[in-house]
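The same chain A turns up in both complexes below, where it pairs with chain B and then with chain C.
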Partner chain A sequence: MSRSVRLWLFLSAGAVIAVAFAAACTGLPHFGTPVHPYGDRAVAAALSRRTANTVSSVNFDLRAFDTLGEESILFGAVLGATLLLRLARDERKEWPEAERVLPSTRLFGALLLPVTLLTGVYIVAHGQLTPGGGFQGGVVLATGLHLAYVAADYRVLKQVRPLAVLDVADAVAAGAFTALGVAGLVVAGAFLANFLPLGTFDRLSSAGLVPVLNAAVGVEVGSGVIVLLAHFLDQAVEITGGGPARTRFDPPEPE
Partner chain B sequence: MNLLPFLAAAWILLVGLYGLVTSRNLVHAVGCLAVAQSSTYVLLLAVGYRRGATAPVFADLPVGSPVVDPVVQALALTDVVVGAAVTALLLALVIQLQKRHGTVDPQNLTELRG
Partner chain C sequence: MNANTIDILVAVVLLAVVVAATVAALTRDPVRQAAVLAMLGLTLALLFTVLQAPDVALSQLGVGTAVTPLLILLTVRKIRGAGSPGGQPNPGQPNPEQPDPEQPDPDRPQPDRPQPERPSRRERRSR
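Right after this comes the complex of A and B.
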């Protein structure tokens, strides 16, 4: 299909989508409307389960089974990327060169690395109380670790990043979510049902199973993102040989 | 303007699809897919918005105050995570394509190879 035919096909299809979407929007409840039956029920349910952060309650209590599917997708993606980006037969790894870094940059990184990791742990641990939780905190933990790469170099990152441990942690945390669900089935009679004491509202120990599931997801997301980034960085920094000589993504030549 | 937030979502979707259709670089196409997907975040958050309400977190909020819809916020969170996972997988595929076929232009990927 030639370029112009494809463009015209898209423009006509896009016009149909635009008109149908706009027409459908006129049938929606108005923007900012006060009536939210699902939201009201979710808030009531979260408060009755002594969870201050309703979004966490929806994710890890009311719709925990959906979250199991979601983190399975994440686990599958990490597994798939690991398989796709493994070392091919005609490739080899090279130990990267040490890079010169300004002492002030190095100091700044060394000071901020523990602060960032602590922030990540805080966000995971307070998921049932404040905005945050396993997914967000896990990403903060994973990206925080890469301060070692930004503020020092790749060799330092490799030293602070135990990849074999993280691979296992990713799988164990993904399995822990299911194990907690089965524990709920055994103790409370339903998959992923809450079987822990609910605790006091607005305390760190509140919300029963929510903080535990939060922690499992936090470990899974954190280690998963680090493993993912590790494979992508390996491609850019370490792996040489294989394929044609072009190594960068060249922009296409204009027609 | 009651429709504007919903129409903004439609606009982002169409812009992302336009980029996807006209793209000559698969890395660019993956980026466009992410743009098209981000329209769903806008749509979800627009659906859940409630005038004069605040975030659905009751840690320092009196119980009973109006909050925006937490269900769509949780859906948007799911959306973000799945989107990031799919983007990572697609980029890994693009890297392998570049290595095995030497091109990231979908127009040049016509032949099948074992």
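Right after this comes the complex of A and C.
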């Protein structure tokens, strides 16, 4: 297909999509209006389960099955990256060298690392009350831990990052979501049914199963992202040999 | 804030998203693209905040602004630097990028005749 034909195909398809999308958008309810059919029902359902954060109620109670799928996608991605980035036969690991760091940078990291980790735990734990939840808090926990690399060096990051434990934690937390769903099936007769006592509205212990699922997702996402970044960082920092990153599918370069 | 102010704010942030996304699509160098992608993630997080979706904005901030550009940068560094620290050739081991000095190098410009501009081996490989 020549360049002009491709361009025309794109332009005509793009025009059709643009017109259809614009027409569809005119049918949407206006943003920010007091009445919204889906929002009203979601808020009513969230209040009936004593969940202050309606988004968490949708994610972990009303549509928890969707969230299970999303967690499985992340788990599968981490699993695939781990498999692909394992040490190849012609590669070897080199212990990274200690790097010189400014004392002020080190102090900055040492002060900020506990603050970021605490923020991550807070966001996971308050998922049923305030914006955030397991996924967001997990990402904050995972990226916050890498302050050890930014403010010190790779050796320090390796010490604060027990990979063997995190590997297991990732798998156990991913399995825990399904196990809680099966528990709902056994106790309340439906997969992922909210079978725990709902507690008092706007308290940490409210919303029944939502905070428990949030904690499982927080552990899974946090450890999953750390493991994922660990394999990428290992490739960039530690693993040498095996020649340039060329696969046998690449044609040899013309000399 | 009344509805009119929010509408204007949404329009401004939407425009910023469109500009950042277009720049990201037009940037060819992966390293610069990662930086532009981080900016795009930031504008998207702003958009979600303006649209009163702080949950999504938090995820976008973590994944789109921090993790994804970092993964791209690490991948580029591994591919271009052949895995040695700092992207520099490691002196302790034979480096396939450094040709044998006894062999004539086709990439090296000859002193007596002018050479047309050619991309280096490393640049060619990164395409």
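Methods note: the second predicted complex is superposed on the first by the 208 of 255 C-alpha atoms of A that agree within 3 Å, B and C clash if a C-alpha of one lies under 4 Å from a C-alpha of the other, contacts with A are read in each partner's own complex, and residues count from 1 in each chain.
Here is the rule we go by: contacts are C-beta pairs under 8 Å (C-beta built on N, C-alpha and C of every residue); 3 or more make two chains touch, one makes a residue touch a chain.
A quick note: this is a predicted structure, and the numbers were derived from the prediction, not measured.
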| item | value |
| --- | --- |
| Which of chain B and chain C A:200 touches, first, second, both or neither | neither |
| Which partner reaches more residues of chain A (counting touched residues only), chain B or chain C | B |
| Contacts of A:96 with chain B and chain C, given as first, second, both or neither | second |
| Which superposed partner A:140 touches (first chain B, second chain C, both, neither) | second |
| Touching partner for A:235 - first (chain B), second (chain C), both, neither | both |
| Chain B versus chain C as contact partner of A:123, first or second or both or neither | second |
| Which of chain B and chain C A:12 touches, first, second, both or neither | neither |
| Chain B versus chain C as contact partner of A:28, first or second or both or neither | first |
| Partner chain(s) touched by A:55 [first = chain B, second = chain C, both, neither] | both |
| First, second, both or neither for A:159, with chain B first and chain C second | neither |
| Those residues of chain A which chain B touches in one complex and chain C touches in the other | 31-32, 53, 55, 131, 135, 228, 232, 235, 242-244, 246 |
| Residues of chain A that touch chain B when the two form their complex | 3, 6-7, 10, 14, 17-18, 21-22, 25-26, 28, 30-34, 36, 38-39, 42-43, 46-47, 52-55, 57-59, 63, 66-67, 70-71, 73-74, 76-78, 80-81, 84-85, 88, 129-131, 135, 202, 221, 228, 231-232, 235, 242-244, 246, 249, 251-252 |
| Chain C-facing residues of chain A, complex | 31-32, 53, 55-56, 91, 96-97, 123, 131-133, 135-136, 139-140, 142-143, 225, 228-229, 232-233, 235-237, 239-246, 253, 255 |
| Interface residues, chain B side, partner chain A - complex | 1-7, 10, 13-14, 17-18, 21-22, 24-25, 27, 46-51, 55-59, 63, 66-74, 77-78, 80-82, 85-86, 88-89, 91-93, 95-96, 98-100, 102, 104-105 |
| Sites on chain C touched by chain A in the complex | 3, 6-7, 10, 51-55, 58-59, 62-63, 66-67, 70-71, 74-75, 77-79, 81-85, 90, 93, 96-97, 106, 121, 124-125 |
